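Just dropping this structure here.
In order of appearance the chains are A, B, C, D, E and F, and numbering begins at 1 in each one.
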């Protein structure tokens, strides 16, 4: 299994989440989109990177004290320092927004370390500050309460559940205005390439529709529309 | 029953949803507002038009294949091509956001055909592109997954449920920042006229309140406040 | 118990909700943040003020008529006229968005009267107009239906539940982008002062992080980081 | 307004909740049934009695200590000792089952004091023991956690919300297998009488249906079916 | 497509819902079980029969009066009189338990007419009486309120959504303690036969497990375990 | 840390869940009760045993095939064979009832192996058969769908979330009619002993209440009531 190429990463940065769900469905995957997870603010390019995971369980009053939180072994803080640059930190908070999955300082540190983004099925605190950092951050619901009130960081880089989807370390995570989708690592390159072709076809369709064409015969594509599209594409590329 | 006049349509385009719920309540209707449905982006003028309906049921793996989806008889695509210009396409997705009620190309086609807007109690895919089309679109929650994953288009223009409200084909649908309200076709003209009067009264009240007047004696209106309002209105019209 | 000082009020106007939940947790309070309540629009400064409360119960058709609503004894309208200037009107709508907790005219009147803000665990109607008033307003979900459809104003200034938190009249309510937190009246002054110190420390941390420092040794603070921070602060104050 | 007579109380003890919702609807009341509240165990006769109310708000760590709980002024314990015999204790727990609205000892005391039943929109602890007491008890969901974990008893015998319905002290509460309905005090006598007639008619209908008659012409009643029913009833009474 | 044979109907009457979901999954169907729908009371034999459907939309105050309800054209009452004997009446109440999908008299009439059962994704009123009729009835939540408060019967025998599953008229509905599953009409005979074999194998496994055998090598079946099972079955049949 | 003694295990088998939440609260633990988890059928004695954990994540179509399910390395089946006798198998299904956490054959095997019980925050299939096995089983909602439709067994005996509570391997799990509570392993012996004393005191209180005594002065206990209770207990023990 080869890693996602730089070229394909670029293609995924402008792919649409809906195109990616289509390409996943075509391969038999019906549950790749994280339900109920939205971006804190919208971005020009998609967040793209391999998953590095953090798993929270509910906190317990004797184990999750502020003192314990300060320890160098604290798994929550280790996640922030150990998530590799270019990766997306994906957090399984078992859907809880009773406490923060992360705050602005943690997000600032991720950004400083070159991490690609952060996703939680819980929520963040300091959301206004996170928005200003312009760092890709996706959550279910704002959650300002102090982490130990409800969450205990259990382990790093195990397979997790996030937004109802399985996330295996190394899966390619794509986040956009529509939300977050998970691509199995071994399929990411081929899906990226196919998505670029779909996007070009959709650009062709958009032109036709704005010129008054019906969606019948265009969407989904027919043999005829594919042929027309290819000559349209050839012309277009020639012009560039 | 006469159709909504062009003049009254214009009045509804600037009516407030809350005023319309009041006027519906006055006539005994307690359940006209669609709960949990919000605009993708806000617009200057309200979306107004008669309802044309589409009903989804859950999909079934043997019936809802991509091949079947391409058929000319596909009810989902027929809805996009057959919804009359000036109408609002209202979709009963039984509240499901497990798959898209429509995407940007379908919405672009509705816009090209002169349709007035689209409403679903499920959700759309390609929401950023739909926002850019500046076409009135109302949903419960973004839903990028491919339609056949969860939805099967069953029929067109039957009475449906949407956001907990009954929608009969031809009912007048009004959508604004606050959400969507359904006016029975035979009441739309009289409600539009009454709403315009209420709006004028509220402008009068707003002036009084910003001048320091109490809401007692103003809101709700009293005989005295109505009299004052009418002279205010007369002066105002004279000035124009 | 001394009232919140003007100086401390100013400090709370720029405090972060997440810092305040930390300071509450430190004092043993785990349930001070209102879950699921968000601002209608974001503001530069936080909403800060003592709570004045209104409690809704479900409406009953014989008691909650439009005629009754017009009475001078109507508790809903009394809340708008009697909430003291500088206070925050906090509404227990038992979480219901089946009808409006308030509309734009009521909010305009609160603003004219110098009230500091309004919070409901239900929702508002005329949300676009309320946003234009630039008056701090926090809700769970937009609710344009006429109030008597679902809500009856029962009483004023009793202890209430709002967003899952106890609110006693006089508690200090702080509202920001992240949402709303309730500070017991007798703790507000000391928390305000401590929050200002935390904010300064976080500014110091933000500088360190953007310079590439790890969060270990900085967050949470260590003895060493506190010492460094204090000299940083001294220099900074000197420069001003 | 006359109190519920002993005779009418007996009629309500065998009335069906569905008949009572019909009779309420006929008088314009659409929201009298408590949604989501079920009996702990089924009983032969309905629970019937005037409402005595208790209102909980969320607890706060400094006010809701075990020590405070032991005080003679504790409103939770006062409710148990002060709810009048023959009344139903109706509890507004703002829907929370994070802590117990009552336990077996409190229920045993209510039974010893001749109270008619207990209803909460939260839940009870010791549910097996409460079932053995054979005391009418209705709840949303079992809630064994210690009361001060989440609930603070705020006041007694104010109008409250319970299960989405307004409950005024003195309203007649009827609880059966189907759940709980609230009858305004001034309508209880006339509704009780009408319910008895409906029940007799339904007995007549049940006989006809088991004899193979269609529901058309029987349900709802027609003039002809009413006539037949009346002679059936006369015969039946004569036989007794 | 041949109808379900009497013999296969008998097999389905003792099949387990979990076996049926396995056999559906094997054929590619992942969404055949109705979520959140439970039997009012448990029965010895499963409910089995072809679906006859009724669809409710929300009611509207001017159309859903008690007078209209009495009409011979009332679709709700027609469903009760027209559902064919041996069929299961399946109701799409768009998940609403704000009003009754049916009551005891309607159910008594269905029983008298030889209908096989009733399923709703809303709820029933008179649940204690329905249990006494010992007629198979499945619901989401008890719903005693008068039907016109929230429901309008729209049409008969169209494809519907029920409990998140598509139900086409004629699909074979199987209801048991675990709930309700929908079998496409053309697969019901083959699934019934396969289910009988699975049930026999499970009886064999149960014997082995109670004798201390591990589930490895037994469940799922291996070639060896199938061979052993077949001789066990032969012996057993011989003995009978 | 010593293991739970046989004697204390017996005491916990008759302790009430509500008493245990009180004793946990007294030690500062506010979140020990699993919300929304109920027994399939009630039992005379509580389920008591140390936790052995299984964690599910969402399934993925390429990894969770029926073939993979049959493997000897399948973690789901390993959990059934490896959970030690006397332990409780506690399952983190991330709250999903889209597929079965276990079925009757797995439960029969657990029983044959001497396991003490099974708990899931998802659900079981074959619930009628599990009830007949009279094996303690607790779930959120019945879930008959085949496991690979929605669940993938990820790992064994890690700390997990179940019903909103942290469960560490070895924690003492107690299940009764009221539901399930988690006791930290190192506190189980002392809590068991204290619970026995509380139960005796409650028996004393129950006698007093049935004799007409007020709960004031009895519940919570006072110095006087403790003294009276001790002589009551002494007399009682003497009699035995």
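FYI, a contact is a pair of C-beta atoms (placed from the backbone, for glycine too) under 8 Å apart; a residue touches a chain by one contact, two chains touch by 3 or more.
Bear in mind that the values here come from a model prediction, so they are computed numbers and not experimental data.
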Chains contacting each of chain D and chain E, listed by label: F
Most widely separated chain from chain B, with each centre as the mean of CA atoms: F
Most remote chain, CA-based centroid, reference being chain E: C
Whole-Å separation of chain centres (CA-atom averages), chain C against chain F: 40
Approximate Å spacing (C-alpha centroids) for the pair chain A, chain B: 32
Between chain F and chain B, distance of the C-alpha-averaged centres to the nearest whole Å: 50
Shared interface positions of chain A, touching two or more other chains: 30
In contact (per the touch rule at the top): chain pairs: A-B, A-C, A-F, B-C, B-E, C-D, D-E, D-F, E-F
Residues of chain F that touch chain A when the two form their complex: 28-31, 56-62, 94-96, 152, 154-155, 158-161, 164-166, 184
Chain F residues touching chain E - in the complex, by the definition given at the top: 66, 69-70, 72, 77, 80-81, 97-98, 100, 103-106, 108-109, 112, 125-129, 141-142, 144-146, 148-149
Touching residues on chain E, where the partner in the complex is chain F: 16-18, 21-22, 25-26, 30, 33, 35-36, 38, 42, 176-179, 181, 202, 205-206, 209-210, 212, 214-216, 219-220, 222
